[in-house]
Every structure is written in C-alpha cells, then in structure tokens.
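Naming follows writing order (A, B, C and D), and every chain is counted from residue 1.
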Amino acid sequence: MSTKKKIGILGASGYTGAELVRLLLRHPKVDLVLLTADRRAGQAMGDVFPQFAPYELPTLVSIDSVDWTTIGLDLVFCALPHATTQKVLQEVLAKAPETKVVDLSADFRLEDAAAYAKWYGHEHHALELQKEAVYGLVEIYRRDIKKARLIANPGCYTSCAILPLVPLLKARAIETDEIVIDAKSGMTGAGRSAKEEMLFSEVSEGFNAYGVGHHRHMAELDQEFSKAAGKEVVVSFTPHLLPQNRGIFSTIYVRGRRGKTAQDLHEVLVKQYEKEPFVHILPFGKTPHSRHVRGSNMTFIGVAADRIPGRAIIVSTLDNLTKGASGQAVQNMNLVLGFAETLGIDQPAMFP
Amino acid sequence: MSTKKKIGILGASGYTGAELVRLLLRHPKVDLVLLTADRRAGQAMGDVFPQFAPYELPTLVSIDSVDWTTIGLDLVFCALPHATTQKVLQEVLAKAPETKVVDLSADFRLEDAAAYAKWYGHEHHALELQKEAVYGLVEIYRRDIKKARLIANPGCYTSCAILPLVPLLKARAIETDEIVIDAKSGMTGAGRSAKEEMLFSEVSEGFNAYGVGHHRHMAELDQEFSKAAGKEVVVSFTPHLLPQNRGIFSTIYVRGRRGKTAQDLHEVLVKQYEKEPFVHILPFGKTPHSRHVRGSNMTFIGVAADRIPGRAIIVSTLDNLTKGASGQAVQNMNLVLGFAETLGIDQPAMFP
Amino acid sequence: MSTKKKIGILGASGYTGAELVRLLLRHPKVDLVLLTADRRAGQAMGDVFPQFAPYELPTLVSIDSVDWTTIGLDLVFCALPHATTQKVLQEVLAKAPETKVVDLSADFRLEDAAAYAKWYGHEHHALELQKEAVYGLVEIYRRDIKKARLIANPGCYTSCAILPLVPLLKARAIETDEIVIDAKSGMTGAGRSAKEEMLFSEVSEGFNAYGVGHHRHMAELDQEFSKAAGKEVVVSFTPHLLPQNRGIFSTIYVRGRRGKTAQDLHEVLVKQYEKEPFVHILPFGKTPHSRHVRGSNMTFIGVAADRIPGRAIIVSTLDNLTKGASGQAVQNMNLVLGFAETLGIDQPAMFP
Amino acid sequence: MSTKKKIGILGASGYTGAELVRLLLRHPKVDLVLLTADRRAGQAMGDVFPQFAPYELPTLVSIDSVDWTTIGLDLVFCALPHATTQKVLQEVLAKAPETKVVDLSADFRLEDAAAYAKWYGHEHHALELQKEAVYGLVEIYRRDIKKARLIANPGCYTSCAILPLVPLLKARAIETDEIVIDAKSGMTGAGRSAKEEMLFSEVSEGFNAYGVGHHRHMAELDQEFSKAAGKEVVVSFTPHLLPQNRGIFSTIYVRGRRGKTAQDLHEVLVKQYEKEPFVHILPFGKTPHSRHVRGSNMTFIGVAADRIPGRAIIVSTLDNLTKGASGQAVQNMNLVLGFAETLGIDQPAMFP
C-alpha cells in the first residue's frame, strides 16, 4: 500500500493544470488520484495534453461526479476560474474538512470583501472561508502557510513584484509614492481559452500593453504593499504581453528614502533572501533574463543604479507557470504536507 | 536619359541598408547608383540579401574605390558605424560638396562635442561638419531639414520617445523630473553582426533589459528634451530586447503639471499631429501594438490615465527599421530633394 | 471625377482581406469602395485591423445590405468561406453581370463537380458559374484569365507546388508516380478564427503535420498535375504548420524521366520562367528561404541534385498571403482590368 | 563520504553541455566534478549559463589543466567539436583507461574509416579506439552499450530517423530504394557559435533547407540502415531549420514491401517499442507534435496511410538536446554505470 499523499487537481485542462501534472508526476511523495475538467470529462489527460500520453494518470472527470466524502484527498489544487472557485471550495471543505486546499485562482487573495467586489464586479460568495485563507507567497508568509488549510496562491504578476518590493517597503528603504512597475508577461499567462487576440498570428512578432490603468492584479499589489509599508501604497502598474510562452519580467523604478542608494536596496534584498532556495539576487548592477528561469521555480532579481541620483531600477523575473503559479503551489503543498520545501520543484531552468 | 536623382548607400549590407533598398527600389524619383559594403565588396546585393536577387542593383563596392568627384550623387545615405562615419563624410563632402547627406549613425546627432566625447569615448573628428548638421526628426525640425546639407537621422529609441514627449515639454504640460521611459526594441535594432547573445537560441522565448542606467541613446534624449523644456531634463530610460524582429515600443510614465490631466496631454498631442502623415494619435485611453506599424513609416501613440491622480501613461510605437531609421531617412531625403514628403514611404503596415 | 476602377472586397475582416487592403491602398488605378464583414458590420476597418486606422476606407457593411444593381463595381474580390461563396457570387453575378470576380475561396477551383462533392462533402451549388471559371494562376493560364469574368484564385499550397511541377510535367521530364511534396505553411494560412490549436502558446516553439493523407488541397493538385501530364497523377502531399506568420515552403522529391538529371530539370524551369516578373529560379544547387519572399508577390524556386542518382530535390517558396492569395488576386485583377501585370504588387520582400 | 559516481563534462559551455548539467544536477547518483571549456576557463558555469548561478558547480577549466591520472572520473561526457575529440579521448583513455566515455561528437559513430574520411575531409586519428566504440542508441544496441567503455552517442537527426526505420528495415517491411526523409530541426541543433545566419533576425519568421543532397548525418543513416536491411540502403534526406529552439521532426515517406500496409508498419513499431520507456507510438493515423517532447527524453512516432495505395507516412519527433543528444547520453551513462535506465531523465515534457 502506497503511503504517498493523495492529491487532486480541479481544472486540469488549463496550462496551470498541466504544469502541476508536469511537476507532480515526478514528485516522490504524492499520487495524483483526481483530475477534473468539465468540458473534457471522460477524456484521457493525454488527449488534452499529448505530452502526458506515455504516463499513467487518472481519466478526467467532471467536478460534479466527485464524492468528496469518500475520495479521501490529502490536498486539492484548484485551478478553476474565479467565482466558480468559491462555490466549489465551499462544497469541498464542507464535505471533506480535513482536506488542504491550494487555490490558484484570485478568489481568496483579497482580505477585504469590498476590494474583491470592486475589482471582480460581484459579491464574494464565501466570506467565511476567506477569513481563514492565507496568502500563499512562501517567502513572505511561510510560517502562516504551514498551519493553513486554505492557501490563496498569489498571481504571477504579483509575486514578481512583491518579492523585490515587500522587503524594501518593510525596511522603509524606498519612497512609496513614486513606484512604477512596468510588467511584461509571456502568453501562457493569458490562459488557454480560444480568443482571436491570442492567436499565434495576432501575437507573434509584436508587443502591446493591456489593461492600462486598471488591471485586476493591482488589488493584490495594493494589499500587500500597504501591509508591508504600514500605510496605503498605490503604485503605477502596466502589464504587457510578450511574444513568448513563459516568463514574467518586471522593471521597477523606485526612489531611495532618506538617502538610501541603489546599493543599499541591493543589500536589503541580499540579506533578505540569502537562505531562500527560490530567490536569487544577482550581483549589484546586473539584471536577469526571463529565459534563465524558464520552467524552474526560481525568481531572479537584479538591482542597478539609475543615472538620476537617488533612484534605482529593480528587475525581477520568474516563470509565470512555475514560480508564478504551479511551482509556487507545489511549494505551498510541500509546506502544508510537511515535506522538504524544495521537493519536486528543484529542477534547474531549461535554457535554451 | 533618366531625370531621376542619383542616390548612394554607404554600408548597404546591414539591416538599415537593406531597408533603404526595399523602400528606394520602388521610389519613383530616384535611382540607386552606388551601394558600398567593404567586407562584401564585389558581391551582388542579392548575395547579401537574397530578397533582392530578382532586381537590378549596382554591385557592392568598397568605399575606397569610389571617386566622389565624378560619381555625381545627388544624395548619399550613410549607414556606417559611428566614428568611421565622421571620417568618411568629411571626405565625401570635401570632394563633392553639393551632395546631400542623410547619416543614419549617431555621429552628428549631438550638438555638444563634450557630450559626444563622454558617451562615445573619443573626441569628435569632424566638428566643423557637426555645426551644420540638422537633427533629422521631420515632425520637429521640418523647416531646418529642408535647407540642410547634412542631416543626422535620429536613433530609433529616441524618435519613439521624442515624438510624444517633445510637444508635451514644449507646452509645459508635464513635470520634468519624474519621467520614466521603459523602452523595448525588436532584435533588428541590434544590427547584423554575429554575436553570441544575438543568436536565435539565446533570444527566442525570452526577454531582458540591457544598458541599464547608461545607454548611449540617453544623450540624444537629454539634448532634445532639454531644448524642448527650456531647462535641463534627465529622464529614467531603460532599454529591453524583445524576441521579435521589428518594433520599438515605449511605455512612458509622466505626471501632469499644474493640474494637467491625461486627457489634457492627449489633446496636446492630437493638436500637434493632426496634419502629420506619419504620426497617428489613438483615441484617448487606447494604446497601440507594435505589430500594427510593422514595415510602415507610422508612429502610433496612445495616452491613458494612470489610476494615480495626476499621472498618465503614454505608449508610443514605431518600426525601428522604418520610421526609426530608413523610412525616416527617406522622409528626410524627400524634403531635401524637394519631393512630396510621403513619396515611396506611404505603404501601410504589414500585419499579420 | 475619379477614373479609377471601383473595387469591393467581400470578407474583409480576415487575413486575406487585410492583405488585399494593404496592397490596394497604394494601387494607383483602383478605389476601394466596398468592404463587407458580416460579424463586424458597422465597424471601421481600423477597428478590425488597427494598422489601417490612419487611412480613409469605407466602413464595413454586411453583404445583405449591398445593392448589387446600383453599386457599380468593376471588380469584386471574394474572401468568404467555401460554400457561402457559391451562393453569394451567384447573386452578385445575376444582378451585376458586368462585374469581374476574383474568388479567393476554393469554391470554383475544381472543374469536376464530383471531385468537389467528394472533397467538400456537399454538392456544388453553382455549377453554371463553375463552367466559366478560370483557374487563376497567371503564370500557367495568363491568356484565359485576361478574358475571364470569374477567376478562381488558387490555394497557397497549390500555387507553391504547381509553379515548379507543372512545367516539368508538361515537358515529361519527371516520373509521375514518385512525387513527394513535403509542404510547410505559416500560421496565417490557417486563418483568423479563434481555435485552441491556433493559440500562440499552442503553436510557438513547435512544429507538426496535419491532415496527413487527406488534405483538401490535394484535389487541386490532382487536377492541375493530371492536366499537365496528360494522365492521372496522384502525389504524396503532407502539410505542416510552421511557428511563423507567413510563408509556404515545399520540399519536392522527384525522379527524372528517361535520364533527365536535376540540372535538366533546372534548365526547364529557367527557360519557362525567365521573363516572368514573379517567379525567380535560383542558380542550380541553391535553395531559397521563405523569409526572402515575405510580403512580396515572388515565388523563389531552387533545384538541387539528390545524392541518389536520377533524383532531384526541388524547393519552392512564396508568401501564402501574397503570391499564395491576395497578391495573386491583385495580379489577376491587373490582367482582367487591363493594367500592367505588376502594378501595385512589385514591392520587394520585407526581410528582416 | 559520497558514494556517488564522479562525472566530468568536456566542452560544458555549449548547448549540449548545458543540457547535461541541467539533467545531471538532479540525478541522484552522480556528482559533477569536472567541467571544461577552453575559451571560458576560469569562469563560473553561471557566467556562461546564468540559469546555473544558484547552484554549486565546479569552475570551468581548460582541458589541458586536467590531470587524468589522478582525477579519478568514473565517466566523462565529451561534447567537443569533431577531430579535436579524437585526440582528447586518446589521451584521456591512455591515462585513465578505467574511465567510461560517452562521446557526443560524430567522431566515433562511423565504423568505416573510409566513410569517415569521405564525409569529414580528413583521416581518422584514433582508429584503435574506433574499433571498440559502440553506437549509443540504447533502443537498438542496449546489450552492447552495457559492456562498452567508449560510446558514440548518435546524432539528433539520425536518432529521429533510425528509431522508426530500423525496425521496419529489419522486418523487411518496407522497400529500401524509395525512402524519403524530410527532416526539420530547431536552432539549438546548430550550436552556440556566433554566425550571421544564426542570428535571431536571420532565423525568426522564416524557414529554409540546408545541406541539400550532402549533409554529414547521411553517413550515419547509411551505416545503420544498411546494417538493419542487410544490404546497402541509400535514402533521400533533406534537413531544414525551424524558427524554434528545440525539436527534431522527421516526415518519412515509405512504400510497404510485399503488400505490407501502413497499418502493418504501425504494428511492427508498436510491438518493437511497447516496453521502451522513451519511445511512444501514437495510435494509428495520429502524428505527433515536436512541442510535446520538449525537454523530455521521449521520442514520439506516428504512422498514417498515404492516399497512394501501398505507401505510408511516418512522423517521428524528439528533442534534439535531450533524446537527440544529452538525454540520450545520460541514458547511456545509466546503462554503463549500472543505474536504472530512466534515472534522472524521466521528467515529462515541458508544454507549453
């Protein structure tokens, strides 16, 4: 009898679902026993993602067909659309209260119900659950995550900006009213739904901004930055789409506070992250490439001086599907199930 | 006997050279009579750029082999590396003083010899010529260009930032100490020399910044912005490389001055450019894609409100080889040779 | 009063529609007076393809809203889906019998009604029109096209294979039972409809075959090859999708007949095409790149000896949207309206 | 004291070197103790491939600085250019005869010295070693490899063609004089040396053939196919370059022998490979995508009927850096060092 933990993935037919399967298929301490995908129910995972055809995996089923009281999952990853997620997780946790949940949607990331309603256009349907949810960025909330039942895995843009900025805000090292985050994402960040603007011929050999002035990830940034700074922080944030599959890349413009130089900021980050397995701070003045974190759970961060005295440029990059979503989710799983934090997600990046 | 103007291209084996040939081959009023390329001398242009094999073009020759006193060029485009350019053009204009020159290098863009020496690491070798050079951004210096003999075609990053910002600075509509320009360029901007970091496998499926804090194009930006604002302006400018061939894309963060809103800034640009054939201002709140200017001489500019009160986000894009280099150069040629300004460069963009 | 010819495009919101507009906007002898797009009716062309926003173009309308008896078009391009096309063109030609038609669909390419029914799964609805249709590959059927009213523009895969093979079949220079055509297409060949398998993230950084053994373009190949050879010819043909926007590339494996060598085959093609403006035969042993015909109306063809005695490898490439669709269509228009054949489509390729 | 095997990589600064490091860093039974790279000697591996900066790895050294008699390597991977390889391995094995070698160059793949001289243009310098070398395609030569000291890792194109064709040739299931292999490779197959034709802007958004009629990999194909068929086999083989980083894709056209149908061929392959961990035969009529083997050690093979009776189309794909080079090399290492064959190379493909 296997002593491995039993794991389920809700919404396995999207890209974050596939990335979870990629990582978990070789994780030594878990068994994938449930994969759901409503529109693809009855199909093999290898029909939806042919790279998995050679592997033994459970057939895709619809969520409604699952009996939560008997399936006995140790942990479930939820990669469903927002709003749907709230209802599904309410049911799962009502019927199987011992199950741990790592939710990859945005549904439990915002502590403030009003903020949720403002950014998502409808009331939150599971406020009780929201209260127990822990924001799942391990490097910031490791202690809370270990004890949590419901973990709200952060957004990819957000993680990429929070990792460099939160320590600087906590250290009161930068001004809070002049932060500009110019963010770029690979196309997998936009998901797998068939939309004209996501066709190869619409995307390839071109670049554009979107959601200028009003992207939903701002709500998460506001929450985490304000908490770190101890006062309200509102940043300038512009997302863009890159003609590549994977990678989030943020160029962040800040001004040091009270004479803090770029080098001082660099030092704060080096100290903060020197023991972290998944955050790598480059030597001062160097900035990273998104390609060098591809497929890995690493975040690479660089700090350089701007030529304007007192200002610094911070560059942060991670793989939106790995550290920005599924790798982060497995890191959370490792914590709540008591495994070594790096288990199954310590593969180096794939470059070229 | 042809009454067309006789045109030469110095440095025809690079990408801007090829783009000039592409545009000029179908320009109704010019004949290409000289193409130089020192390392490729003796070869056909179709050997160096096979797309031109079906066309009749002069064989590539070395610059040294040209007799400037007899060749009788009406205008020469110079697409040589910086520094080399100064020496070559001194000789050309000494021997053929009637010839007009459009120089695509950086050599004659900086009015201030000290600025040149600082950014390029050596003294300027042709200061006399520098004095007569006109900065060749038609929308800003049209009147001067018409009378010029030597035109310094601007850099691609620079044009993309100057076109939206100079009118705003002239109108005193934005603060000058908080301008952030996050710029992205397609790979053709890096030229055709064989370097490891420019290989397909090093570039594809990835993104990075470079020259953080100290890129040479800053010198041009300083010069033109300070002139427009009537005081010294130093901006934050970070260039990045996109995994695509063509396109410059600048996301510009500004704060309105004395209560000027994003909509006010939009209005300034609409008025400034309403009659310009090669600058298109999108409706307020919309931002452009680089793909929609591909291969054309257009600049597309959008203005949107930031969610931080008083701040605006300006997005500007052009094709680095066309409006950012060779198309701009032909536009300059049209002015100095007395042709209609749009002749030969009025093709719509090629998308997809 | 304009003496330009009045032109309409049915189905202007797809890629071939956009390519027609790109080419016709600068054609000196035509005016675009009608653009239809049923789902986008009421929108500006610049809403559907933002690159056209700076140009004056008619607003998109639905086909049903057009009064064919009064609109007075000289020529209409039809870029509608197959089957729909038959019905629409019946109505257009019934009400405006003087109008010339260049049809970019597959609907009138097959002379044999049974072949049409077999490959397209339903009866042909306009057999009378089919009888008068001329197959619109200018280099093969120039004389007939000049006199035609209804021209069936050939498919992109087909043109790329017919141009090299038909002269060899006519010359009885190759065996007919050993022809293998390995064909590759850029993604624009698959059109603009939103399908999962055409998303950037599904296509980028990968390659695949499709329709193996049963692609519809085979019907056109059979027809034209059999006609040329004077006997039934059935070739092996496999289409593939390239992670790039534009370009058809065919690698063709043949065996010379009665001792004909690869060099003999090369000579046949050189002679056949030496005066053609849009077919370029490379020197023997050289093969072309798809990138060197990008955006142009050129076909580049190379012939090399295989190392197996008696066999040759022929490589043919064109831009699927230009010579493979809209450029070819304009070439046809030029013939039927009595213009110079190269008018408006003589731009060199855009590389890089 | 570590009981792990001590491993070296000669030529670690190229792409196959980086891929070896990627795979071996997480292999549980080996330690990387030597990395050589002559031009980069003295640098950290993380300087040459920044993705490895967070990992502990030996500093790059020059080959000449290695003392083979004392270093005590269990196995060395050799990823040096051909010809150089022969000299280096002669020295290594002379001084450290117990060391196992997996050579990724072409130097020991050809059993016939005359064939080597013909294809590589010079005499073979290590004929004695050649005699003991075993061709390292595990699925074909597993038994010999287990006992070998020197393993000649096969070429990427070759593996992709041999895996489907050798079983069919051995079974006498296909005609030997009509085999056409149309092969396509991602750009990493061309290596990391800085050449103009490999620049991003020269490669992106385009496709071409190369080495038409005379590519060196043909020598390996001839050798292995002739051995399998028991008579001389010469195939038609054309390599092409894809605008993507990874992936070899072969479309193979064959005729069944003595009435063998495509389905018969499929059955031969299914039987041959049903227990192989790294070869996956798709259901009859389906063909694979290169993207679905990206980064994995899998080969995916499909067989479909051609519409010409008696002919079949076989499609085979693998990742040129993994199963086509470094993954295959680790598979060989696992065999000669007595590990489980799949150890360290059982990660699923990374798609998207």
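Heads up, the rule we're going with is that contacts are C-beta pairs under 8 Å (C-beta built on N, C-alpha and C of every residue); 3 or more make two chains touch, one makes a residue touch a chain.
For reference, the UniProt names are A, B, C, D = N-acetyl-gamma-glutamyl-phosphate reductase.
What you see is a predicted model; the values in this text were computed from it and never measured.
J.: Return the chains common to the contact lists of chain A and chain B.
T.: Looking at chain B and chain A together, the chains touching each of them are C, D.
J.: Report the chain whose CA-based centre is farthest from the CA-based centre of chain A.
T.: Between chain A and every other chain, the largest centroid distance is to C.
J.: When the C-alpha atoms of chain B and chain D are each averaged to a single point, how far apart are the two points in Å?
T.: Distance between chain centres, rounded to whole Å: 46 Å.
J.: How many angstrom lie between the CA centroids of chain C and chain D, rounded to a whole number?
T.: Computed from C-alpha means, the inter-chain centre distance equals 40 Å.
J.: When the centre of a chain is set as the mean of its C-alpha atoms, what distance in Å lies between chain A and chain D?
T.: Between these chains, centre-to-centre, one finds 36 Å.
J.: Where in chain A do residues touch at least two different other chains?
T.: 15, 188, 201-202, 204-205, 243-246, 288-289, 291-292, 294, 351-352
J.: What graph shape do the protein chains here make by touch: line, ring, star, complete or other?
T.: It is complete, because no pair of chains fails to touch.
J.: If you look only at chain D, which of its residues touch chain A in the complex?
T.: Of all residues in chain D, those touching chain A are 15, 18, 21-22, 25-26, 49-55, 188, 204-205, 245-246, 280, 282, 288-289, 291-296, 298, 300, 321, 346-352.
J.: Quick one: in the complex, what on chain A touches chain B?
T.: Going by the criterion above, the answer is residues 178, 180, 182, 184, 201-202, 204-210, 212-214, 218, 234-236, 238, 240, 242-247, 249, 251, 253, 285, 287-292, 294, 302, 304-308, 311, 313, 315, 317, 351-352.
J.: Would you tell me which residues of chain B are touching chain D in their complex?
T.: Answer in residue numbers: 15, 186-188, 192-196, 198-205, 243-245.
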